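Take a look at these structures.
After this come two complexes, each holding chain A, first together with chain B and then together with chain C.
Moving on, here comes the complex of A and B:
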């Protein structure tokens, strides 16, 4: 075996373990039709993957697998983020009562496969790899969205599939044009080829890049490719929604960041577009969230709003912005997964996903209501929670880059968002419950809620270690 | 000598036809077929450019597109069958429980 291949495989053990394990879990689930064996196998796979990632050697700088993927410190952060998200989502999926026991095994397998796709998206250093990773994520999520045996779920899966397949097709066409214009597929070659383009060539490049970014914008639900988000989130099982709202957003932003680095010479032309879409994304998400009555739909629009904030870190295009983006992604992961854990707990207890189901929750389940309030306040960006640190850094990076209008728009949006987040808290604490029976989450849910709440609180009060870690990751070059 | 311009025209026409189909079709299978046209337009571009540049990697890209288009069709048809079972319809405009 050649040296390159041996070194590549060494750096790639976590993904290899996860993919083989995921297929085994899938087969086990389909074969036994019971969830216990596949759940154990899924946890073992996840544990082995995490151990392999912990021990993974620092790969050669030139990139592994002949430059197809790049296992640098930047992607290492996103690989850990993907594994952490997977762990919490596995807890949610195993505790959720929506899924029939006979199909759960397959669900765990698909969740793990989706996780591999997320890791690959953050590592991709080549257009082919980026496309394959995004398709792996998309194909598993189409199936996962349609996992419930009811009409709503099937409809959501169809809508998601049609939007997703169309946007990935458009992205692919953009990639083929980009290849035709630059004769380059690997990101570093792309950067070299794009540099110094002018006149008609630059305009043609912009068309190709715009088509290509459509696919990415779909994955991170950026306006105008956000339409699928509320429908897919509402129809999908709550645990899957939790994963969709965190995993692909983080991995998509990582890929977006790397692609923008590869297209850096085109940045002056792309910046105004990205800036405008950032403002529109956050405003639309937050405004439409105001009128929602279904909690999953509300969180879907809140996700669009949060993606808008995260995009600030991308749009300002400075090192401070990238650091802020990483910190906020960690914050967003913990608080949004926590919020979905609350949704799963309430759905398990009441069978309803309407906002009304949260009425009087503080009397039925004081601990759950408190945790839920922590996540919602953190999403709204109230100090001293982790969400505040993320937002503070993002808005600060906008001010530092001189984008005062952007920071002002984000601040106005935070005020709008405060209304619908506190509305849920009002329902939980100040409205009488429909039923008086106490509601007690299962141990797996308590673990998920507890770990997310602890991270949101502790990292919010002592952000030092997280910031230090991120500032070390953000100095490395992305290509 | 390959007529690069002609093939480019063909691939762009395929792409436009696909987008037109997605916008006008009602039947879910029709929509999937239109998306397939878009994917094939991209694959055609890759093959064309890789011949023009003498670039092998892009030929592999076209192969991957063919394989993934098949995967997408499998998942898509499975979802359409699921929908037909639960909702007794395969028309995208009759899908209405979820309102944006």
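Moving on, here comes the complex of A and C:
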């Protein structure tokens, strides 16, 4: 017993460090009301967590965590993704002028806690663990969305909370049904129990699964569980929106992949539904994004569209699809965080989050405008940027799986999406600026913008290492 | 350490990036940047000379995207699941590199003087640098896709530079004409590339030789002719030659670099590069097109009265000669002539530019006797003219004689005669130009008192002098005296030894005849034809002076019908298609709007109603706006129920 405990904790240092650090940062924030000490503490925590993750043993000894958590290479990749997202979001949060200095400590602490939740979601190997991890992410998100002292923010947080509470209730109901039907909570047991089911049992199982997937769909903003997204994104501080648009999507998709692996025997019944929802998700996101005038709202709908593309990898459910999903997730992380870094920079400079604030940006801040153009073009999937590689692989995987209609729908969507992405570029480069004063992002923002842009460009030009890494991950068994 | 190969296109590209972003701040210094970058590329080219002359092939590969094996399975000929781009240098491309960097450096240097005082000085050098970068990329590409991208880029630069003085409507129109005309050829080229990729499964140049075994002759002929169509557009061959004379609207250094020495020669390079794809049938087409272009353009050049237009038609004619050589399968000889032509034709253009710079005049009728005012320009122009006429032992002689020899040994018997006639015409028009510009009485001084002709500044004369050296001596590198190092470079192992006396004699006679024609008809206005042939001669002259009515024919047969068809279609569009499209667009918009409303506006209105009631109950509850969330939650519940029903 104690040996297992010791082994388990040994593999779990990163999460432990982050959790303790998050609590310390929260306390520090309440203690000093100045943001500098808590920021330093947050960075130290993040650094220590990264160091611990670097040294964490993979794979750890068998039987650790009593089957609740799986620290395999697959989750390792998502843990790194979560840490990287957290680092860039910390940069954005510390540079954003939206947040008052007195509440920043709390904000950093909650961001770190949310990070722990993200890592747990990717590691969960047990329904209870999955639920706890998702609740940790959700609860931190609710508070973070309502962080601004304005009505809109509070309203967004409340809507998010109610929506989330319902989804999570539905999910919990589904999980309890599943437990009642199979008497299994751990994913491997679940797989074994589901495998033999037939007749009315199978139908009951499917209902349970449908209810359970509602919670996951809520987390990844999949239509028709996306409705909270635009409101929450618009009301939340831009840095938090950046995190929400990347972190929970990646972790949610990781959990989704693992769950689907556990429910593999039910896949034939689930596949058509997932396929249809994939097409609906991307189409709806892209169509509604066309008419947006608020940039955060626009990026919210763009996120829904991008999630639709990502779901292709899941819906085709082949090895190439999974590889494509992983590559696209990395791409999506860099380019979407970069796009939000641009939003933070523009909001800092103009105080506005309207699309109009981007007018003539190329003359006020040429570097920022260039970086922003890179992110938007990458989101639109223009070669040789990283976004193109991801999309190319996703569409290729759809064709390879014989889902020609899916690939065609995705291609049409790309065309629609190109319009609203390039519209921002048009505003930045061809519209006269409303005011001429130069706009200069702070060093932290420059660092965030620079690293995201460099990754988007460099990994687009030399995708070899990334694709090799991903192809090694995709062969690993998920359970 | 980056290989020298990469520096060659990257230096001008970096210069372009620098100039386009902060050219205005650099001002006069921007010229230095471009000249230095081109000289650097030239240096890198020279550094590669040693291995290339030893027959090595240098290459740099960049595997961009390696696909998962599952995505490439089932594709024909996809042994390597990678999308690799690469640069490589062999003898052929090295020679072209030397031409582009050498002539390019000289012309950039010359432009520093020629473009002085232009309001878009740095912009000009930025475009020039971009052109050189893409031209060098085109030459270095080892893959058709990369070549095509660069091919389009040089076309773009050509367009930008032809219409560089876009305030003049004629310049803007000429740029457009060049772009659209070459586009016709490019469309053919693209079709050829796609067909080749689809049928042959490879676009790498080194693998073309193996395609003869796998593809049927008819298909190869079609593909190679489509590729040749691209070359016809770019190298201004009949019938797509009409853009090049108009392209003379651009600044003269541009005409020298792009429209004489390098870009228009890209078509010749393309055919030389893809020669393994050409079947005997398609080579016959190449030969015919080249020969017709050579003769037709040469005769038109005899009648033109604008200096630059004479040179433009001369360029078309000489490119036709190179195509003729390619049609004979003599790839090395075509490239040899391309090299010498680049030197003397660039020099002719720079000389013409010098004249225009000095007199602000380019009509032959209003020029004359410039020899005294501009001795240097006159001297280098003479060298270039003599070289082009193929007079022993200047550069032009060696390359042209080699083609004549090949025609005598490898072609039909009449071919040699046709080429000799072409040689007579060549000498006649170039000496007509030279004599009327630089000799005879000075032109009338009316309206020119403000700026008497003067010799150009040192910075323009020096590059001309260097090119004059090239025009005189480069040909020696392909001569039997030095044992043909240039031809060995191009992979010819057994060049014709020695100089054949009959050919030497004939070409000298042709040059002398041309010179006599230029003097007696072009300058003295003598009428050598017997009286009964004169009406015919006049008619032929009129025909040539109107450029064989090709432009008019295009206007009547292509452009006119196209325009009227376009007008008809436009009416159709306005009434029917637009209605449908607008309807569809509005429908799409409406769907999006509807969805938007569903997410926000409709709900908001509901909320406003609810909120009014809520507002009345108390200020404390006002901010909640619960109406929206009700809606949202309802959607979740309905969705869950629906999904459960679907799955069940």
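Throughout what follows, the second predicted complex is superposed on the first by the 473 of 479 C-alpha atoms of A that agree within 3 Å, B and C clash if a C-alpha of one lies under 4 Å from a C-alpha of the other, contacts with A are read in each partner's own complex, and residues count from 1 in each chain.
In this text, a contact is a pair of C-beta atoms (placed from the backbone, for glycine too) under 8 Å apart; a residue touches a chain by one contact, two chains touch by 3 or more.
What you see is a predicted model, and the numbers here were worked out from it, not measured in a lab.
Legend: residue contacts after superposition of the two complexes on their common chain; A:166 is shown touching both chain B and chain C. Legend: residue contacts after superposition of the two complexes on their common chain; A:177 is shown touching chain B, with no touch to chain C.
Contacts of A:227 after superposition on the shared chain: both chain B and chain C are touched. Within the superposed three-chain model, A:151 lies in touch with chain B and with chain C [touch as defined at top]. By the document's definition of touching, of the two partners only chain B reaches A:135; chain C does not. When both complexes are overlaid on chain A, the residue A:185 reaches chain B alone and has no touch with chain C. Residue overlap on chain A between its contacts with chain B in one complex and with chain C in the other: 151, 154-155, 158-159, 162, 166, 170, 227, 230-231. Chain B makes touch with chain A in their complex at residues 11, 15, 18-19, 22, 28, 31-32, 35, 38-39, 41-43, 45-46, 48-49, 53, 55, 57-58, 60-61, 64-65, 68, 71-72, 75-76, 78-80, 82-83, 85-87, 92, 95-98, 100. Contact residues on chain A toward chain B in their complex (touch as defined above): 127-128, 131-132, 135, 139, 142-143, 146, 149-159, 161-162, 165-166, 169-170, 172-173, 175-177, 179-180, 183, 185, 227, 230-231, 234-235. Residues of chain C that touch chain A in their complex: 63-68, 70-71, 588-589, 591-593, 595-596, 599-600, 623-625, 628-629, 632-633, 635-637, 639-640, 643-644, 646-648. Interface residues of chain A, counted against chain C in their complex, comprise 151, 154-155, 158-159, 162-163, 166-167, 170, 203, 206-207, 209-211, 213-214, 218, 224-225, 227-228, 230-231, 269-270, 273, 284, 287-288, 290-292, 318-320, 323, 384, 389, 392-393, 396-397, 400, 461-464, 467, 471.
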